[in-house]
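The next part holds the structures, each set out as structure tokens.
Each of the next two complexes has chain A plus one other chain: chain B in the first, chain C in the second.
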Partner chain A sequence: MNLKQLPWWGAAFAVFALFPLVETNSFWTTIAIYSLIYMACATSWNMFSGYSGYVSLGTAIFYGCGAYTMALVSLHTNMPGGAEQFLLVPLGGLVAMVVAVPLGAVALRVRRHTFVVITIAFFFVFQLAAINANFTGGPAGLSLALIPWQGNQFNTPFYYVALAILVFAIVLSALVRRSRFGLQLLAIRDDEDRALGLGVKVKAVKLTGYVMSAFVVGMTGALYAMFLGQIYPQFAFDPVFDVTVALMAFLGGFGTLLGPLVGGLLLETSQQYLTSYYSNGSLYLILFGALFLIVVLFMPQGIVVKVKEMWMKRGLKDGENVSAASPLTVAGSAKS
Partner chain B sequence: MTALLEAKDITRSFGGLKALAGCSLNVERGSITGLIGPNGSGKTTLFNVMTGYVKAESGTVSFEGRDITNARPNAVFALGIGRTFQLTRIFSRISVVENMLVATQRDESWLRGLTRSKSSKSELDAAMEWLDFVGLSRLAHLQAGSLSYGQRKLLELAYVLVANPDVILLDEPAGGVNLTLINEIGDKIRTLNSQGKTFLIVEHNMEFVMNLCDSVTVMHQGKNLVSGKPEEVRSNPLVLDAYLGGGETEDESLEELHNG
Partner chain C sequence: MNSSALIHAIIDGILTGSVYALMATGLTLVFGVMDIINLAQGILVILGAYLSYTLSVHFGVDLFVGLVFTVPTLFVVGIVIERLFVSRLKGPERTAMSILVTYAISLVIEGILNEVYSINQVQLHAWYIDRSFLIFGVYLPYIYLLGFILAAVLLGALYYMLYRTRFGASIRASLSDQTAAALVGIDTKRVATICFGIGVAVTAAGGMIFGATNAFNASSSYDLISRLLTIIVLGGMGSLAGALVAGILMVLVQDIVAVIWSPIWSSMTFFVVLVLVLSVRPQGLFGKQSSRVA
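Up next is the complex of A and B:
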């Protein structure tokens, strides 16, 4: 993100901020809340996996930890259902970060492909634990205190909290990209051993990135539990969530700031829409699978980079003045 | 002169292969030391041991009298030992100047990296200055992956230099590079050496080594065979033997050794 793009980001923010004032139908605002949640998760996932190249398929661990933090703490403290519960959202993020420390310390000992496998294994450990442990309520899950908000007014507070989390995720991701730390993550993505030989403390940098990315996901998990009012192991620790978040980032543009937002918005709205209109709940899974193949085969860099390239090419055809440094190869093209 | 960087009796095997079998090497402060030897004699492995990429099974590496055996590569770099790789390694998906910035701080805590921007004014100036030195400054904002092979070699040299190391280990700086660029790289090394930088160079191009180096060590089968001034080494029968493999076949590098 650079200053020239700031007006665009501001305009996009205004659209999102005004949305629930214009659209009050709770069917649409519910879809919007889930979209914001997934956009935030994809952005946060991308902040570690996209920048460092370490693809994690265990993101749902943090989502589930956040969700159970919300459920367990609010139940044990007899918290009444309502705005007070929003205070537990950051706590969900913090718990996810604490969980991420030992997981990252173990999983990041190995390189890329093995890392993917280990994160999947960890994920199933957590899912099984949530199903079988007593304090999680087992397969029956947990029900939270009822929130006494009526009709259309129910969704609005959730919408704005989700939007706040998303803005936080975007700002964090942009700041990381501008920081020395972010540069080190990118260097690790390109050549980890070379980075190590140039003084980058790769272990500490990778672990920091992994733990940081857990925070936003944990917060959204907590918000999700509160929004739903109940929590089951198979929804809190959902393997489809793992894959979806990664797919969103890949579809939009792996390692770019805008990519996970575009991917998250497209995929989550279409998923919610398809699930609602075609009662066959798994249709979207088949479509997602097909989409994943198309992305990998035809635009491995994602929509954002692809569109940018096409835009640049169009510019070239129009005979615009293109400097010796072709914009196609300018490093900035993969940034925003 | 005292040895700035010293390897002593290093051994290292890979499976059944003894890549290093008690190899020793001295790099004097302010020198340009060449390290030559037939393919597979253990030159790159020795480099890897000295820079922490490969662990030694026995023996010691010391820098300024301090034991750095088996230190991690980032710690070795932090002390002031920079290196390049035989197969050039750059960060291909970030820009040329960002490549430089990765290396600007030799020993900065990782926490500091979280709170600061990726470059300060002085770091950016230093990065551009060294890019200018190797002639890449006009390409600073290109993605590094779009550089040619020779430009990558120069970039790798530049980002090792930007951290201001005391000694620089170059693994085949002239490998696969055209003649003009070889001469250019040689000139850069001489310039830097006159400013006080110490070099250790692995190279197969004999002319390059013999013209550039103050001292040459020849390795053979994981051991140091002969060390001395280039002209002494060139005429040493042991060296000819090592390159000839017993004096039966003609070898291109031997010819180079004679002519260079």
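Up next is the complex of A and C:
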């Protein structure tokens, strides 16, 4: 994000801020809330995994921790359902960060490929724990206090809180990208041994990035639990969530700022729409999987990079090749 | 805690563990040769189980005889997946991309299986599944023993192929160094395709035994793939011996913990073992110390 692009970001923000005023149908605002949540998660996933190259498939751990923080704290303090509960959203993020420290300390000892698998293993530990532990209410889940808001009034506050989290995630991700710390993450992605040799404290940098990205995901998890009004282990710790978030970032553009936003918006909106349209779950799985395959195979660098490439090529004669966009040069050049 | 339950746990651990070792060997072979993590392995096991189910229910074919059909079928499925999708992945992020692609493939297969077989759980049936024999004072269905023998035979065949044939030598060469293997004239692309086929073909046998010993539906694949992945990480990714040892170790640890502590938490203990081992040996039990990873 550079200053020249600021008006565009401002315009996009205005569109998002005005959306619930124009569209008052709760069917659409619900889809919009989920889209904002996923866009925030994909952005913050990308802030660690996209920049450092360490693909994490355990994002749902933080989502679930945030969700259970919201549910347990509000239940144990007898908090009435309502705006007060929004105060617990940052707490959900903090709990997720605390959980991320030991996880990251163990998982980041290994290199990339193994890291992916370990994050999956951690995820299943948490899912099992949520199902089997007593304090989580087990498979029956927990119900939160009823929020006495009616109709579209119900969705609007959630929408703006989700939007605030998203803006926070974007600003954080952009600041990281421009900072010395962000460059260190990118150096790790390009060549970890060389980065180490050049004096980057790789362990500390990776762990910091991992813990930071947990914060936003934890907040969205807390918001999700509140929005849904109840929480089950299989919703809070959902393996599909892990992969969806990663897919959004890859779809839009791995390691770019705009990519996860575009990917999250496209994917979550269509996913929500398809699920409500096709009540047949298995048909939806086939469609989603096929779409997913097409995108990964034909646009491996992501939509944002692909569109940018086509835009740059537009004025050129045949044969002049603009940026043979390997993902590595993408990370360095895409300041969008 | 009684001793016969413990003996039962140990026997079951070794017998069932060998089946997991077989399925994990396919996965680790694919990773070792191609740097591809095949997340579809779990659903392919289920596909293998459903194929055996169809053959036995609709055509009355015995489960073990049916393997003559299902193993080649899944070999071809593997080849097709590799040619159509996996071989297109290139560049530094291909391992990460492979996870996404194979996950997408597994979603599609899951959807198709749900559509064809519905989400109701089924289990395979045959006389050797329902009848038991007495061993060391505990009763065990014959299928456990037969499954163990099948897994042992297939693993034996696989090891024979890898260590005693010319093609096996080229696979091992690709396992240790892709570039060097290509330089001495090995057709690494062909090796990769066939390895992927073999890696998937073992799921036909694994799936049949899994379906005979568990009730399953398409979503059982999530549990399976998480176990298989942890096995190959514990053993060391790309290590064949590691997959073998870790596969048996996983089921053994889990069964023993279920007896002496609690069956509820037993499925978690393996993950705990994994974390403990990795904090001492990040490369896994048999893994090579990863040198430069670009």
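What we mean here is this: the second predicted complex is superposed on the first by the 316 of 336 C-alpha atoms of A that agree within 3 Å, B and C clash if a C-alpha of one lies under 4 Å from a C-alpha of the other, contacts with A are read in each partner's own complex, and residues count from 1 in each chain.
Assume contacts are C-beta pairs under 8 Å (C-beta built on N, C-alpha and C of every residue); 3 or more make two chains touch, one makes a residue touch a chain.
Everything quoted here is computed from the prediction, not taken from an experiment.
Undergrad: Could you tell me if A:62 is touching chain B, chain C, both of them or neither one (first, second, both, neither)?
TA: In the superposition, A:62 touches no partner, neither chain B nor chain C.
Undergrad: Between chain B and chain C, whom does A:129 touch in the aligned arrangement: first, second, both, or neither?
TA: second
Undergrad: Residues of chain A touched by chain B versus by chain C: which partner has the larger set?
TA: If we count touched residues of chain A for both partners, the winner is C.
Undergrad: Quick one: is A:180 in contact with chain B, with chain C, with both, or with neither? Answer first, second, both or neither.
TA: first
Undergrad: With both complexes superposed on chain A, which partner does A:110 reach: first (chain B), second (chain C), both or neither?
TA: second
Undergrad: Is A:191 contacted by the first partner chain B, the second partner chain C, both or neither?
TA: Once the two structures are laid over each other on A, A:191 reaches both partners.
Undergrad: For A:204, using the defined touch cut-off, is the partner it touches chain B, chain C, both, or neither? Pick first, second, both or neither.
TA: first
Undergrad: A:293 in the overlay: touching chain B, chain C, both, or neither? Say first, second, both or neither.
TA: Second partner only.
Undergrad: Would you sort A:247 into first (chain B), second (chain C), both or neither based on which partner it touches?
TA: In the superposition, A:247 touches chain C alone.
Undergrad: Go through chain A and flag every residue that touches chain B in one model and chain C in the other.
TA: Comparing the two interfaces on chain A, one with chain B and one with chain C, the shared residues are 191, 193.
Undergrad: Residues of chain A touching chain B in their complex?
TA: Residues 178-184, 186-187, 189-191, 193-202, 204-205, 208, 255, 325, 329-334 of chain A touch chain B in their complex.
Undergrad: Flag every residue of chain B that touches chain A in the complex, lowest number first.
TA: 51-53, 72-74, 76-78, 83, 85, 89-96, 98, 101-103, 105-110, 112-119, 139, 141-144, 146, 159-160, 163
Undergrad: Which residues of chain A touch chain C in their complex?
TA: Contact set of chain A toward chain C: 53, 55, 57, 106, 109-114, 116-118, 120-125, 128-129, 132, 191-193, 239, 243, 246-247, 250, 254, 281-290, 292-293, 296-297, 300, 326-328.
Undergrad: Quick check on the complex: what are the chain C residues that touch chain A?
TA: It is residues 31, 35, 37, 85, 88-89, 91-93, 95-97, 99-101, 103-108, 110-112, 114-115, 119, 222, 226, 229-230, 232-233, 237, 264-265, 267-268, 271-272, 274-275, 278-279, 282-284, 290, 292-294 of chain C that touch chain A.
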